[in-house]
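Each structure below appears as structure tokens.
In the two assemblies presented below, subunit A is common to both, partnered first by subunit B and then by subunit C.
And now, the complex of A and B:
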């Protein structure tokens, strides 16, 4: 009988402890798997979100986040000029503003407003109705549609909060052309969008032609397009999605990466210690049996391999079970973390990555080997005659 | 000044001119900014409202301060300065904006009775259209973030407890099995099952309490290590781990019953067997 088969029978002979050992490894493995997913999950999710917008370069006036720094002047002209560059497919200028959606005597709804110029693309996807075609029309997201019961063809009263230095502008009535999905919208966040002229008119800043950012879609060579954009307007900052991701991975939510590293180390140490203890106690209880097997002719390597295979079987079975458990746990933990205010609804903390799976397998395999070392040593150095004698005397 | 600073607009006061004639107005800089740019108290620096450095004015560093730790900005270097509001307005005022017509992003109001915050905000919103007033507790969105993080950590703790319980059961089953003959002999010499069970219960209670206390000691010892690591990693004064009496009590309240129950459960399975079988006689 091969060592693996022998180890299998040893485990099956004591089903309760084997099952508990496997379940324990599965629980620890699930947590480890989730921590590995968490370590890069946000960055992967952010990259996915940025790529889904279809624009791979962001042009702003300064390094500040859009809406928190000075605006790009001559926005429409700049977007058109950027769109005409050789490596650029399209460019749109976006101006951001807060607005208050007046209700029918109810509580006003705070929403975000986006005004867009240039094209031909739009940074949203129309779900119902049609896209905006002229100033005075807007698309709204499901957040507004659901909370206010509005849809295509309806009208709504907006009171924009534009530049802080300007007087509070009067409320304006806008026509809803359609309901759209915005890639970075947060859960329950209300977003409306229209043409740049719409926001200019509403804010009473017509003629200023300013934007918070310009999104540029390259024809494929992103770096060349970014260099061309920087050359066109040296006073502006053009960053590619990769650079955004790089900055985000350096500063954004690094806490989760750190906590995942700490918890991964703790869980793997925990698993290592406990499997070692389980195997050691199990081997100590079977010293007489192992000595008898040696006396019957089983080689030292064979009994050592048996202990190693037991460890491999426990960790292997537990590791396999840990994957579905880990996925279920990740869904639960992701739901908890996504209730953070202001996070895009499509952003996830736990994102499956093949690298994480490979690392999980490697860590568990290493754990199986390390956990088996001490009990293997006990078995390898077992004095056969003395152990058998002690067994008989006891 | 090696690089242009992006100014986070935080003003200290709105009253009184901040400087005497001809003297550079005083500012405070964060410890991190001072360290990264090599700034010292008393040094004269230039601050400009745009990245090209145009429109810059001299300021005197009156002191270096430790910024209030902000978990929402963890990992970002707080390159901040604080200056008197009139100085800030003078620095950032656009050429076409007359003095005295500038704006501020927010006004913090301290009420005589903080409990009235909600009513005050509602009243102010009704009286002043275009102004949005909110109680500070609601305005601090990061508060909700902490609640979410707390729930996340509790969920992790729950999974850890489940994993520990499974392992604990496996270990106790094996340990109890090792004492099978002893228990069998005790049964044979006349000790009732209940008596043995009480003994095992007390033993389990002692071991679980000792284990829980050792765990707390380990946690206390690692508390400062973890805080020191993360404070070094993020260059912040934030406290990441704090073992409060409540946390310690909660840990013991979970660990001790769990350990005791695991021991008694594993032993009960054994004690139900025949005494002769247990003693292998």
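And now, the complex of A and C:
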């Protein structure tokens, strides 16, 4: 019988101990797995979201976040000029505003309002109806369509909130051309979008032609396109998606990583102690047997290998169980975290990554080894004669 | 009694074993000189604490003398590594314990196979040898039973089969009937006689006078020394 088979027999001989160990490792492993998914999940999800928009460069007036700093002036012209650059497929200027959607006697609905210029293409995908073709038309997202029962061909009354300094402009009536999906929309968030002129007119800033950001899609070589944009307008800031992600992971996301590292260390330590205790207790209960086997000529290596295999079996079985458990737990936790208002619906905190799986396996394997060290030492150093004698005397 | 050198299995020359205890050293075995030859049948007797088990453990190479020399097959055991000593025990020595120490999760046959597997015997040989041994100890029909399904006497018989698994030249038994009632003890004693009759040298530590009387050579110990020796 090989060491592994022998260890298996020893395990099933004490099913309660085996179950305790395996379930403990499964629980700890599930937590650990989730910590690992969490540590990179938000960054991965963010990258995915940014990439899915189809635009890989963001051009803004300053380093401030869009909507927080000064606007890009001459937005339509700039978008057209950027769009004509080599390596650039499309450039779209976007102006952001808040608006209140007046209801038919109901409560007003706060929505986001986007006006775009340039092209080709739009940073949204039309689901029903058609795309915006002229000023005075908008597409709305499912958030508005669902909450207000509106659809293509309907009209709606908007009261835009454009700038803090300017007076509240009068309400405007807009025609709904279609229903569209926006990449960053949050659950239940309402978004409407039309041409830049539409928002300019509504805000009473007609002719100003300003945008909060310009989205640029490269033909494939992001860096070349970004360099071309920067050369064209050195006064503006061109940032690629990977730079955005880098900046995010350096600042905000490090908290997730640190928290996850600390919690991972704690959970791993817990697993380590659990397995060490279980194995040590079990080995101590079997000292007489082990000494007898040694007296019969089983080598030190062999009895030590048995202990190690037991540890490997407990951790291995628990580790296998921990994956489905961890995934279930991650889905559940993700749902809880995502219920925070204002988060893009497609944003996830726990994202499966092959790296996390590899790290999980490596950490559990290390745990199996470390947990077995002390009981293996007991077995390796067992004084045979003294143990045999103690077993009879006691 | 003392055959030619080639038939000598183990030889203790002025062997002592001292234990260092907090209250001072305890000398369990003092200056014992002893030879066990091939096919011998010896019993070690003496009052509790006189050093019988300690001497037996040294003869079986699981403990080392603190003074004197122990030669197994003419080789100084103290010069052997732990691994070499394990190999020596595996192939040359069998142990039978008062408490049997069978592995409870293995069947009788698996318990007997274990030392053979460790010695690298082929599966077919192991199966054949195991069947043969279990037949020999009268448990041919119980080979798939776990120790918990066997009586004390049956467990000890499995333990004897296990000790004989690799055809040792020397079988050591420490109170092999200590946990058994008288008639079961007698069955075990008879079995051990048969083992010896087959050519395996036997050294039995026992309080049991009946068991000791079956031996051709009886060593009486007292205070760590062999006080007296008688032969039949």
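The definition used in the following text is that the second predicted complex is superposed on the first by the 393 of 394 C-alpha atoms of A that agree within 3 Å, B and C clash if a C-alpha of one lies under 4 Å from a C-alpha of the other, contacts with A are read in each partner's own complex, and residues count from 1 in each chain.
We adopt the following convention: a contact is a pair of C-beta atoms (placed from the backbone, for glycine too) under 8 Å apart; a residue touches a chain by one contact, two chains touch by 3 or more.
All figures in this text were calculated on a predicted structure; none of them were measured in a lab.
Chemist: Looking at the overlay, what does A:329 touch: subunit B (first), subunit C (second), both, or neither?
Modeler: first
Chemist: For A:246 in the superposed arrangement: first (subunit B), second (subunit C), both or neither?
Modeler: neither
Chemist: Once the shared chain is lined up, is A:254 touching subunit B (first), subunit C (second), both, or neither of them?
Modeler: first
Chemist: More residues of subunit A are touched by which partner: subunit B or subunit C?
Modeler: Larger number of subunit A residues touched: B.
Chemist: Now for A:17: first (subunit B), second (subunit C), both, or neither, which partner does it touch?
Modeler: first
Chemist: Who does A:70 touch here: subunit B (first), subunit C (second), both, or neither?
Modeler: first
Chemist: Looking at the overlay, does A:339 come into contact with subunit B only (first), subunit C only (second), both, or neither?
Modeler: first
Chemist: Just subunit B (first), just subunit C (second), both, or neither: which does A:30 touch?
Modeler: Only subunit B is touched by A:30; subunit C is not.
Chemist: For A:298, is the partner it touches subunit B (first), subunit C (second), both, or none of the two (neither)?
Modeler: It touches subunit C, and subunit B stays clear.
Chemist: Could you look at A:355 and tell me whether it touches subunit B, subunit C, both or neither (first, second, both, neither)?
Modeler: In the superposition, A:355 touches no partner, neither subunit B nor subunit C.
Chemist: Which parts of subunit A are in contact with subunit B and also with subunit C?
Modeler: Comparing the two interfaces on subunit A, one with subunit B and one with subunit C, no residues are shared.
Chemist: Within their complex, state which residues of subunit A touch subunit B.
Modeler: That would be residues 16-17, 20-21, 23-24, 27-28, 30-31, 62-64, 70, 110, 161, 164-165, 168, 235, 250-255, 258, 262-263, 267, 270, 274, 277-278, 281-282, 285, 329, 332-333, 336-337, 339-342 of subunit A.
Chemist: Mind pulling up the subunit A residues that touch subunit C in the complex?
Modeler: Answer in residue numbers: 1, 9-10, 12-13, 288-289, 291-302, 384-386, 388-389, 391-392.
Chemist: Across the complex, what residues on subunit B touch subunit A?
Modeler: 6, 50-52, 71, 74-76, 94, 97, 101-105, 129-130, 132, 141, 144-145, 148, 151-152, 155-156, 159-160, 162-164, 166-167, 169-171, 173-175, 177-178, 226, 230, 233-234
Chemist: Please give the residue numbers of subunit C that touch subunit A in the complex, ascending.
Modeler: Residue list for subunit C touching subunit A: 53-54, 57, 60, 62-63, 82-83, 86-91, 93-95, 97-99, 101, 103-106, 110, 113-115, 117-119, 162-163, 166, 174-175, 178.
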